[in-house]
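By written order: A, B, C and D. Residues from 1 in each chain.
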Amino acid sequence: MRKGFASDNNAGVHQEILKAIGNANTGHVTGYGADPWTEEAEALFRHHFGQDTEIFFVFNGTGANVVALSALTSPFHAVICASTAHIHTDECGAPEKFTGCKLLAVNTPDGKLTPELVRPYLHGFGFEHHAQPRVISVSQVTEMGTLYRPGEISALARLAHDHGMFLHMDGARISNAAAALDLPFRSFSRDCGVDVLSFGGTKNGMLAGEAVLFFNPALTASVKYIRKQSMQLFSKMRFTSAQFLAFFKDDLWKKSALHANKMAKILEAEIRTIPGITITQKVEANGIFAVVPRKIIAPLQEKFFFYVWDEEAPEVRWMTSFDTTEEEIRDFARLIRNLLT
Amino acid sequence: MRKGFASDNNAGVHQEILKAIGNANTGHVTGYGADPWTEEAEALFRHHFGQDTEIFFVFNGTGANVVALSALTSPFHAVICASTAHIHTDECGAPEKFTGCKLLAVNTPDGKLTPELVRPYLHGFGFEHHAQPRVISVSQVTEMGTLYRPGEISALARLAHDHGMFLHMDGARISNAAAALDLPFRSFSRDCGVDVLSFGGTKNGMLAGEAVLFFNPALTASVKYIRKQSMQLFSKMRFTSAQFLAFFKDDLWKKSALHANKMAKILEAEIRTIPGITITQKVEANGIFAVVPRKIIAPLQEKFFFYVWDEEAPEVRWMTSFDTTEEEIRDFARLIRNLLT
Amino acid sequence: MRKGFASDNNAGVHQEILKAIGNANTGHVTGYGADPWTEEAEALFRHHFGQDTEIFFVFNGTGANVVALSALTSPFHAVICASTAHIHTDECGAPEKFTGCKLLAVNTPDGKLTPELVRPYLHGFGFEHHAQPRVISVSQVTEMGTLYRPGEISALARLAHDHGMFLHMDGARISNAAAALDLPFRSFSRDCGVDVLSFGGTKNGMLAGEAVLFFNPALTASVKYIRKQSMQLFSKMRFTSAQFLAFFKDDLWKKSALHANKMAKILEAEIRTIPGITITQKVEANGIFAVVPRKIIAPLQEKFFFYVWDEEAPEVRWMTSFDTTEEEIRDFARLIRNLLT
Amino acid sequence: MRKGFASDNNAGVHQEILKAIGNANTGHVTGYGADPWTEEAEALFRHHFGQDTEIFFVFNGTGANVVALSALTSPFHAVICASTAHIHTDECGAPEKFTGCKLLAVNTPDGKLTPELVRPYLHGFGFEHHAQPRVISVSQVTEMGTLYRPGEISALARLAHDHGMFLHMDGARISNAAAALDLPFRSFSRDCGVDVLSFGGTKNGMLAGEAVLFFNPALTASVKYIRKQSMQLFSKMRFTSAQFLAFFKDDLWKKSALHANKMAKILEAEIRTIPGITITQKVEANGIFAVVPRKIIAPLQEKFFFYVWDEEAPEVRWMTSFDTTEEEIRDFARLIRNLLT
């Protein structure tokens, strides 16, 4: 099947990761995480994030975010996020339903929060009529394809902590961020004050699997119950853990992410040469947003599937992934040019 | 690793199913179920259960049950189940948390509900102080290893429907039931009046994957939202669907289940020859419950892991699975005999 | 105790209403609404709103809104409201907690929604990743003291209904609206397409009591359970109902509301003569918003309590009520003048 | 209207309490509890229960129980109660809906829990599949009209605390208990280890009003938010508080409760002389349960309303209240005798 640019989760599974699943398929092991693969995968996360990191594997990104937020909140709390955040726009209200909290959506054109944007929402502390601000949640990479620099994360963490709040990072595309920033994972998350991280694997070549990482042991006493009650505890957990073994081995995650990012850069370069298309966001990771002539959308989608982000503009989103090829990008750009002439 | 008798989910993945996952790993497809593997898997379910069956794939058994019950209830409803039901004892309160409903747990030694047992809970209809009975939920195979016959299911369905209620079946081990009864799946579920079925794959050789099947189209309008909001929508769904293709191909499900059931029968026969051990439930599928001398438990668990069901008795549970071998059973029985002499 | 301008719920109870409570204190009646006072109060609501109106008395305004929204939604729905709406800013997240829904807060300086403001939120219908827009909720009088005209309500109702959605009105101050517009209640609610109305009594001289009114019988089958499960069913309900009897008798509600509105107008006239104070919203009912010199706030609050609405500006809110006297307003204005000289 | 024996909440309001409401109707005070009446009422509760008691007034008994349980639990917890407990049978699932917890209903013919009955439910601690036992909840007076002695409460408190759990008391009829036991409130609640108490006023002559009392300051940090989010925060709170002033003044609560209890004793004495009626529970407070000939129920209810508790038996419940008169009881007994001859 022709690859498209719809989403990095339309891609399949990296061969090394698939192989690791097969390798873990040996006999019986205790379910729900008490197995050697999980032990080893947890050790790898501790290697990357620090020895006191606590790790909870879950099925998917929405599950990771909900488990993370549930651990940080009581139902009378509020979570502050960008209005484009996955937790606000793409999880069908799962965070509200499961945590009981209010989400406060901040308008920000590039998908990034700043202290200036967040500060107006930090009021009403101690006032029982007001949902109490408790978490700032950022996405790294953002849903608009943009990146936070470490200093920007630190500033938000300071703001959160100064108000007795927590900083959550939705890292569904954290590999793309680490690759683009050329920084270790922890240097722009834990080391900047992030309290809880949703660490994504699925969008970077895994079959399925995310990890919720806690850097503050005081927050984790209830998490195993929260994970089970939120239907995110996998019986045959070794098959998630084994994927992470391959993910980290020889920095596979980084190769995959660098490749996806590079493909986006090539696509960006191609697009910038095409008159009539306007790239609307900085291309910092593996996503490109562009306003295009409406007439090319349908014929283009027929060959290469992708999503229209904003019907009005119309603005489209093109995502690259670990398996995107340069040839596909050249073909895609060629088709656009043809459709425009 | 030595196989044990702890749970059918301590087993790995059947080779055919693993192969099917690999076969589905070709290029890009639309996520969240709009792919050819899912289409084909749904067709197989419709073949088994009827053309108007609606199918929703989910990650795990708790997720299947919660999605099923959420579709049938409002928060002011009550769900009637056996006190040993998985939804009552093994889901950490997920059904209450997610549906808001009350669970009414009925004491029944063999894990089976009957109209006589359920009827005392069918009162207070229309009385706003009382959580309104809405669903009867049965497990087939039950958590005690016993089986419902079709007539028993029909009687419960009639009771439910006569009261404007629904019948839900938790079929985490439905393959073992179908194999043991030597009946098609639908003959003891849909055809007996079951409204919604949690169809299990994981405990019969799949990596992960369950399906929620609706036999009443009037109930399904909201299910896609419920599945997403309950964090059970898989982005790379083709990899669940592909597993079901192998599961149904050449009746692999049946071979696996027949084998597991047969191993339980052999183990039962062995155990019945050992004085001092009392089998406490009918062995009808792939589970054996037995009261054993306390002193043998720890040394036995060291070689073959299993769970103590009731610390008081003490009563243990031994589960067989698709990959249990006759040799393992003979070794296990031999060790028990040695420990008892 | 000196009366202030903090809130219309800092006032006490109108003498006629207090008397009605006493009059209802005769012997035993069936609890939870099966009593003659409730029957009569419901008849009065039907007289005002139409014979097929269904009425549910509750304790307070938050309860009314939550019961109303619960009846209209499933947890995967979204409710669109002004960012200043009571349901968004003053109910500590009760709507999210109880309904499970997402609230989408629309920025609007005067507290009023318009089709233009709402329309950008009406997308993603049928897309399971997106909380489904289900209710538009307006407050009449708004929390900013402004009023919707009937045509404005109708336009929002049309927009809602065209999208398969409902229009909810939070009428905590509906008496003030009816008095200010000089219109019957139903002419700017039910007759304009409002589906469910939270009808307030407490802020217009009652001790406690609100009513949730449904104009669409199809929506009410579950409401009695929702009310009970949301802890809003009053055992001695006759004492709420009796208050409404006095409330409606000889249009007491209207006299009280007209008086409060008139007091606001007088206060407005006074304030407009004072340099250095800027009234920030139209004064259409019983609330005045004004930016004032910071230095006068504390000394003014010492004599007449009121709330600072926006610490930054600083903007204050002054509310009048059924028992505010002209003399108090003159004294208040005089004190402001003194503090400013 | 002829008084019946349906419920102590079918009674009206004691004149002294009504008068207190009127007395509190003077001018403006700050809403939501920052008023002198509330301050004074809280001081009275501290006088009865200890200086570090924290008091939260709410609207009704279901609200009191839900606020209490919410403060003690996370959603993955379980609450153990009698199967006849109000929280299990009469609150339409509000505890499950609001706390997310599982309720474990213990069968007990007289409505009383004992350590022996509770102990089988105390397992699975630390096992994430199992809803974690967190609260034992007892009703004093029980819903079956029976009483716990202080030693019985202490034993349950010890059991709870030994397992890291809490003891909650639903004291909807706590006045009747204190009067019957002739003991101070605290001697059979706080002093026996109760952690949180739902203190009832409505069933003992108040218009509406209950208090949630916390004896452990560590539990109260979130309660003000929980109360608001559960829609139980009263804007004109002085009118609840004022009722409690009258309630405690000159031990009005005790006079009312003693009277109701005495009326039940007289009724019991009458009934015991009537052949064909079997009293089924000890008459220890203000309720009588009796199996009666079916034919007398309808004609009896026509004159004196009451509820059938168990249709099968048939067993009826007769409640007396602060305003029941001896004459009414004699008339009632006479009518029964007439109907039986």
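Everything that follows uses one rule, which is that a contact is a pair of C-beta atoms (placed from the backbone, for glycine too) under 8 Å apart; a residue touches a chain by one contact, two chains touch by 3 or more.
Just so we're clear, the structure is a prediction, and the values are computed from it rather than from any experiment.
Chains making contact with subunit A as well as with subunit B: C, D.
Distance from subunit D peaks, on a Cα-centroid basis, for A.
Note on chain placement: the centre of subunit B and the centre of subunit D lie 41 Å apart, centres being C-alpha means. Here the spacing of subunit A and subunit D, counted between their Cα centres, is 50 Å. With centres defined as mean CA coordinates, subunit D is found 33 Å away from subunit C. Chain contacts: subunit D has residues 75-76, 91-93, 97, 100, 128-129, 225, 228-229, 233 touching two or more partner chains. Taken together, the subunit A residues at the contact with subunit D in this complex read 32, 74-76, 100, 128-129, 132, 222, 224-229, 233.
Residue ranges of subunit A in contact with subunit B, taken from their complex: 1-4, 6-7, 9-13, 15, 18, 21-22, 24-31, 59-63, 66, 91-94, 97-98, 202, 207-208, 225, 228-236, 239, 305, 321, 323. Every residue of subunit D that touches subunit B in the complex is listed here, in rising order: 75-78, 88-93, 96-97, 100-105, 123, 128-131, 311.
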